[in-house]
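What follows is a pair of complexes built around subunit A, which joins subunit B in one and subunit C in the other.
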Partner chain A sequence: MIGRKWWVPWLWLSPALLLSGIFLLYPAIDTIRRSFLPKGSDAFFGFTLDNYRFIIDNPQPLVADTHSALLNNLMWLTIFTVITVALGLVIAVLAARVRYEAVVKSAIFIPMAISFVAASVIWRFMYEFNPGIGTVNAVLKEVGGEPTRWLQDTGAPQTPFTHAGPDSLPHPIQINNFALVFVGVWMWTGFAMVVLSAGLKGISTEILEAARVDGANEWQIFRRIIIPNLSPTIVVVATTLVIQALKKFDLVWVMTAGKFKTDVVATLFYKEAFLFNNPELGAALAVVLLLWVVPIMVISIRRFQFQEETR
Partner chain B sequence: MSARVPARFVFLLIGVLLSLVLFVAAGCGGDDEKTGGATSTAGGSPANLSGKTVDVLGIWGSEEQADFEAMIQQWKTDTSAQVNFTGSRDINSLLTTRVAGGDPPDVALPASLGIFKDLASQGKLTPLSSCPGLEDKVKAEYANQIVDLGTVDGKLYGVFMKAGNKGTIWYNPKFFQENGYKPLTADSSFQDLLDLTKQIADDKDAGKHDVFPWSDAEEAGGGSGFPGSDWIQQIVLGESGADVYDDWVAHKIPYNDPKIKQAWEDFGKILLEPRYVLGGVQRALATKFSEGALPMVSQPPQAAMQYLGSFNSGFITDTTLGFPAGLKPGTDFDFFPFPGGGATGDANVMMLFNSDPATCSFAEWMAGPQSQEVWVKRGGFTSLNKKLDFAAYPSDLDRRIAQQLNDPGTTFRFDADDAMPTGVGGDNGAVFTGVLAYLNVGDLDEILQNIDAAFPAGASP
Partner chain C sequence: MARPNPSATGEAAVRARPAGLQVAATARRVAGRLPLHLSVIGLAAIWSIPTIALLISSFRDPGHIGLVERHQGPVQLHARQL
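So, the complex of A and B:
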């Protein structure tokens, strides 16, 4: 009766615990320890809030613009997540109604299969200022527009609500940030679509048919049946995307290296920790990121447990 | 029951996708091999190094790596030793990590003064005097200012061997000739450059020709803004002299010193004037540095001059970048020295982490003229070794670049941004970002003050 022994579950758990202990728990604790050390300190323990004060005070906006990095992450968090989920949902619902569903879904999913670094390199070419190289500007030029500096322009996009021209205050509403987020959306829509589409297939056709018999139109079905039934899946997708948005690094690093106020927290902490020989500040930035991710993780785990219990 | 299957599927899918992402990320990791490296008795005959491997960390890849391999081929044949070369543009983080992890290479060849000084003062490097005869050889074959550059706390730790000359302003000789403009000389001042610029712009406005004085290109990923930083350091060296330059780099004068501010403003006099720069600052900021010369050599030309280091000739003759085929140095493009008589530049510094016989033998070979001549002949290598014959350079242009750099009358100084601490100079540092901000609308006083604040505490003047 091996299953009765108290240590048996722990035996099966031990490889996973060991691995996450070495690769997750230890580095996390070590990072927190480091974030409280003064700059360049050799001491093992120390306590100073200098690194966190640096993040709040933003004393070196040219090297480490912490305010704009935090704001940019916030922008990624909201705009990237909302657009990707919405697009994924719309495509999933619409694709289910056409004959070529598999083809449509494959096409949308393909960007997900490319290495993110490769995709970023491709988009850097797409956004190139010189219309002879940059596809986006070439198209703009064909339709009579002016080439735009997609990755350099820190001005706000011209809309009735924003004014053109750069602003000295850090704000994430910049053309180049939107250009970066667009690439993120392009990469991740396929993921959202595939997962949501799978969830969609799980909604029993009887409910849908019952609704139709009762005289509901398609919009009402979408709004009152599909969305509520799909909401657990939507939350899962959104959580994944939020975490992606928070730890966004590859795309920004390859395309702008954080220049022109496009830094996010992950690129900033890489610069500080590995390029500027300032691992303590880097650790503090990583901790900020961790603090940001933890509540989202907790919510999603809670929700998952709740679902398991009520099943 | 119906909700069970999709939820599971969803999590499985997420798991699969996340592991896919992890795999993609893991693919970027490199492998590092440990060398044998056991010490044995040093020997005069080179053949007794068989079985030894020298672990070398450099920045070269693709074509340059082939040049490097050609350069060490003779040594490998003579000694039967092996070289395990890792080339990465990301050498600084690689080197920092390996040294911190107790697994340094035998020899490293970064193009950075900052990391060299850091490692030397931390005692991580082996002085060249630990290798028999190496220090004397270097002192005999290199100019004093180059030896000084490799000396930290009175000990010689590094050989600056392969240099880039950044005292070069490129121009279109045909256009200059047709319109009667004279290229500047080493004796010219920055005012002469401004006068020439104004002359070309005025003639353009008068309808004499349709060519802007300048083309400029600042885009270089993490290094964006470096051409502007090069402009400024050349102006500081030329206008204020080597002493101010040294004090500035060592942060003995604040970064917002009036002399430095003057250099930035001089730079701005050209770059911020829409009449002077093709496409204005807008185009400069969004154009890749390697393509800055395109309008200068196009038919008809759109710009008369471009400032960039000597490596620019490699771009101009590279048709894959979109440059027309068959451009001849001297007739289609040429350079004149940056006014002021100084030349800044970066250089690959060779540094050692031990004094094993194989390491020493390799270092001696690399520092000497025979090995460097191999690469010099293949092109793209400007040597700082005095013993190297100028006749080895593949073209007249390359020879003049090397002569300007090795001329005892030229004050050579290492790239200022790179000699400054990390975070201030170098990729993503305050200086480059400051250049971008200045060109993009920024307030100069605020920028200079911010750069000054980026210097580590304790290094303040």
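So, the complex of A and C:
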């Protein structure tokens, strides 16, 4: 019988393995190989840690600010993910309680249908310094505030925890980075809301009614029933957003091109590899990004496997 | 089984409530849900601002939104310079 031959499964697997090898494995291995070559090297093999040392030491912050890029990525990873998931959850829960749910969801989801470049252009208009053009500054002026250069201002926002000044600690916590992150939030909240809303519809109404009969108020229902029941969906959404945050490129590139200390690892990698003729450092930055993504992917896959086993 | 007398049920009692009390109950219910409606509509409105702002900008003169007038193209420009 043909099914008993040892090579038959490999035969069926071979197209997928071949494509994965050509388009995933080979580029990854080649990028790792290149990251260990010295700058401008013609050799195929080599071993130097100069590129990684450059990333850690950050010797040319005015040309390639690697620390700023890493910290910006970290800020995207945390602030973007947390705000997007929280807003998506809140909107999903609130919208489910009104009759015009579909209209509200459409309004929130519209940005997802726009390309990142188009959204970036829209928000460049929104953040324009001239209040006659920039909506944000126009509103600010109307309420008695001063127009702000939202995409250029590297000052820290005034909060009880931060203060602007040369010795202020949070380097990436700058107004322009927040402005960029908010555009990401505006785009991705629709995705979070739709997925979480689907999860919300899956919660049995009997459980909710039972809680109400037992005297639970809406906040207790949200905290003790909705959140625990939605936690697998929240993890899926958060994982997707974390990966999005790590590979963020288009939005930053179109809005600031990484200027004014808004570079993230992906934009810095692109600049080094394709604009500054330093593909070795670019490769090292790409490897750093890969190392950042892999653990998140592993955790996500493990969790998915665990869910499948316990189903 | 005999049907219960409606006048003896709570439903009948509710129906028999004075009109003033019913209006007050409705007003309380609407007022209770007002923050929900305001927050939902507010969020949807805030989310729509950039799209609406772009729509408004599309009707404005290019000079007024920070864009320069599109030039006539290199050939005509060259001819004009000549």
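Just so it is clear, the second predicted complex is superposed on the first by the 289 of 311 C-alpha atoms of A that agree within 3 Å, B and C clash if a C-alpha of one lies under 4 Å from a C-alpha of the other, contacts with A are read in each partner's own complex, and residues count from 1 in each chain.
As a working rule, contacts are C-beta pairs under 8 Å (C-beta built on N, C-alpha and C of every residue); 3 or more make two chains touch, one makes a residue touch a chain.
Every value quoted in this text rests on a predicted model; they were computed, and no experiment measured them.
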(request) State whether A:N51 touches subunit B only (first), subunit C only (second), both chains, or neither. (result) neither
(message) Tell me the contact category for A:N130 with respect to subunit B and subunit C: first, second, both or neither.
(response) both
(request) Would you check which partner chain A:F274 touches, where first means subunit B only, second means subunit C only, and both and neither mean what they say? (result) first
(message) Output check: A:Q174 vs subunit B and subunit C. Expected answer is one of first, second, both, neither. What do you get?
(response) neither
(request) Considering only touches as defined above, state whether A:S204 meets subunit B (first), subunit C (second), both or neither. (result) first
(message) So in the superposed three-chain picture, is A:I108 touching just subunit B, just subunit C, both, or none of them (first/second/both/neither)?
(response) second
(message) Just checking: does A:T31 make contact with subunit B only, subunit C only, both, or neither of them? Give me first, second, both or neither.
(response) neither
(message) In the superposed model, which partner reaches more residues of subunit A, subunit B or subunit C?
(response) B
(request) Kindly classify A:T81 by the partners it touches after superposition: subunit B alone (first), subunit C alone (second), both, or neither? (result) neither
(message) For A:N72, using the defined touch cut-off, is the partner it touches subunit B, subunit C, both, or neither? Pick first, second, both or neither.
(response) neither
(request) Check subunit A for residues that touch subunit B in one structure and subunit C in the other, and list them. (result) 130, 132
(message) If we count contacts the way the header does, which residues on subunit A are in touch with subunit B in the complex?
(response) 39, 59-63, 112, 115-117, 129-130, 132, 149, 151-152, 154, 166, 168, 191, 194-195, 198-199, 201-202, 204, 232-233, 236, 240, 250, 256-260, 271, 274-278, 307, 311
(request) Write out the stretch or stretches of subunit C touching subunit A in their complex. (result) 36-37, 39-41, 43-45, 47-51, 53-54, 57, 64-66
(request) Quick one: which bits of subunit A touch subunit C in the complex? Just the residue numbers, please. (result) 91, 94-95, 97-98, 103-104, 107-108, 110-111, 119, 122-123, 125-126, 128, 130, 132-133, 135, 186, 189
(message) Which residues of subunit B touch subunit A once you look at their complex with the stated criterion?
(response) 2-7, 9-11, 13-14, 17, 21, 24-25, 27-28, 92-93, 96-97, 118, 219, 221-222, 224-225, 282-283, 285-287, 291, 322, 422-424, 426-430, 433-434, 436-437, 440-441, 443, 447, 450-451, 453-454, 456
